[in-house]
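First the structure, then my questions, so here it is.
As written, the chain order gives the labels A, B, C and D, with residue 1 at the start of each chain.
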Amino acid sequence: TENDGLIHGLSAVELQSLCVSCIEARATAYCPYSLFRVGASLLLKPSPTSFTSNPTIITGANVENASYPVGTCAERVAMGTAVIAGHRLGAFKAVGVATDLDDFCSPCGMCRQFLREFLELDTPVFMFNKGGMFKVRTMGELLPLSFGPDVLPPRE
Amino acid sequence: TENDGLIHGLSAVELQSLCVSCIEARATAYCPYSLFRVGASLLLKPSPTSFTSNPTIITGANVENASYPVGTCAERVAMGTAVIAGHRLGAFKAVGVATDLDDFCSPCGMCRQFLREFLELDTPVFMFNKGGMFKVRTMGELLPLSFGPDVLPPRE
Amino acid sequence: TENDGLIHGLSAVELQSLCVSCIEARATAYCPYSLFRVGASLLLKPSPTSFTSNPTIITGANVENASYPVGTCAERVAMGTAVIAGHRLGAFKAVGVATDLDDFCSPCGMCRQFLREFLELDTPVFMFNKGGMFKVRTMGELLPLSFGPDVLPPRE
Amino acid sequence: TENDGLIHGLSAVELQSLCVSCIEARATAYCPYSLFRVGASLLLKPSPTSFTSNPTIITGANVENASYPVGTCAERVAMGTAVIAGHRLGAFKAVGVATDLDDFCSPCGMCRQFLREFLELDTPVFMFNKGGMFKVRTMGELLPLSFGPDVLPPRE
């Protein structure tokens, strides 16, 4: 039915877990230059062989550098960790991002491009504000007409 | 004594662990564009409260993107994970990097800059070739006259 | 009137100039790694003190690096040149991008973010395919809910 | 003779021109986030067909972004412009970098890697401080054991 109890495909437990995880990850940021803490969380699709119902989540936070362009963002730290752990396109159910702003803060364009390589276009990205309220957009909405692996084919 | 059984400050067990870890991490790379796999490993200094003598190691591998400049390198994935886990300047004992080349391959300049933020200048970086042989240089040797947090002071 | 002879705000001469410029810029690319040439062009708003009706255009092309993440894209080379020449938010009338694909290729997320700092949200970005046909989207459409100077205020 | 009147291969006029150019370029920086202005200058080798003895110089300055990692440095803006203009490995005689610090400030690791693609290893990089005094190192000294096009061969 329309009212399936899911919020953009997530159960209340999953959404709560995604939210808490990126807020907690925010505290691990290294951002002495911007003083702008960001946390990110990636919710994995349940593994078919998993016996637990606990949502599996991978997190990240921003890591800045004295040479500003060399630093990296929360979303890319999280996704880098996930990819190294073996997760690829098809593995992700949702993304969460949390900042200290009252406003809903979206991933920067560079992170949208980084995420695009591994997310399906209908994967929801939840942007949590300081108070834990959220705004949500799909990957495809955040990076329309995007440029992915399909455009620039991998080498044979 | 001069012959303290250490190799650039590492015990044989630590060096072996550093080497095996970055070689294994290499297999987790996502590099469909370059087909150039790189693995990285970070050896933590033993915690004073640790009861185990097992070396603690954090790893990474390169994660590429259809938009080449958006991808990231093995060393930055590893260090991002380490920083998020709470490790900062003073926590690292050595770095390992492994590729599939016969030659010894060094971190790119961007990674040297990223590492510089968290490594002491005398921290050794071991570059392992395909056969597991290594060349070693300190952080300070790899990025002389470097530009770190001391030059561009963090905000108050 | 509705039919003012303009195409997304550009005269036919301006659009033609924007198109030709990014196609010509494409030939200046340094892309031995991807073999994927991209050219970009930025059309400046006419200066009030200008006596010429020739469109003023600044161009760029992609410049790759053996360490893929260190390279840069056509759009950022063009905008870097423009900013150094003194042009800032409010100076740009349109952006053009050209590749060798039959498809219309959009700027990567990183470039959208870079451009966002200096373009108004209603500035049109023309994506030209191999044959010189185009698709057009505004800056705001390409990077919705974007994160600009207004969110992270400059230092005082 | 040893005393050929050249400073690291440059005539006094060339060195003066390199210095003035990067100091002037510094004023064109867009750096509202770091407030750290950097200017860069690239001295081209004299063209064999050139009838002028005026040094030819290409400049750049840093262009920052609200998303810090998306910004770029002075050296890369300058070299991007040069490459688009057709200059490649073998074309450059020297690099100049100027900041507002009393100290001599070197290029960040990312810029060293970007420059490495187009500079010969013995090309001098002059670092000018606030007062116009300089320290000089070659490209090879700034990025020892570097990773260039020779290691990761371009596609056929």
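Just so it is clear, a contact is a pair of C-beta atoms (placed from the backbone, for glycine too) under 8 Å apart; a residue touches a chain by one contact, two chains touch by 3 or more.
Quick caveat, the model's predicted, so the values are computed rather than measured.
Chemist: Going by the touch criterion at the top, tell me which pair is linked by more C-beta contacts: B-C or C-D.
Modeler: C-D
Chemist: Taking all residue numbers used at the subunit A/subunit C interface, answer same if over half belong to both copies and different if under half do.
Modeler: Same: most residue numbers at the subunit A-subunit C interface appear in both copies.
Chemist: Just curious, how far off is subunit C from subunit A if you go by their C-alpha centres, in Å?
Modeler: Roughly 28 Å, centre to centre.
Chemist: Starting from the mean Cα coordinates of subunit B and subunit C, work out the distance between those two points in Å.
Modeler: 38
Chemist: Round to the nearest whole Å and give the separation of the Cα centres of subunit C and subunit D.
Modeler: 25
Chemist: Got the subunit D residues that touch at least 2 other chains?
Modeler: Correct list: 33-34, 64, 66-67, 70-72, 108-110, 113-114, 116, 147, 151-152, 155.
Chemist: Please output the residues of subunit D touching subunit B within their complex, sorted ascending.
Modeler: 34, 36, 101, 103-114, 116, 127, 135, 137, 141-147, 151-152
Chemist: Quick check: in the complex, which residue numbers of subunit A touch subunit D?
Modeler: 33-34, 64, 66-73, 108-110, 155
Chemist: Spell out the residues on subunit B that touch subunit A in their complex, using ranges where they run on.
Modeler: 25, 28, 30, 32-35, 59-61, 63, 65-67, 70-72, 76-77, 79-81, 83-86, 88, 110, 113-114, 116-117, 147-149, 151-152, 154-155
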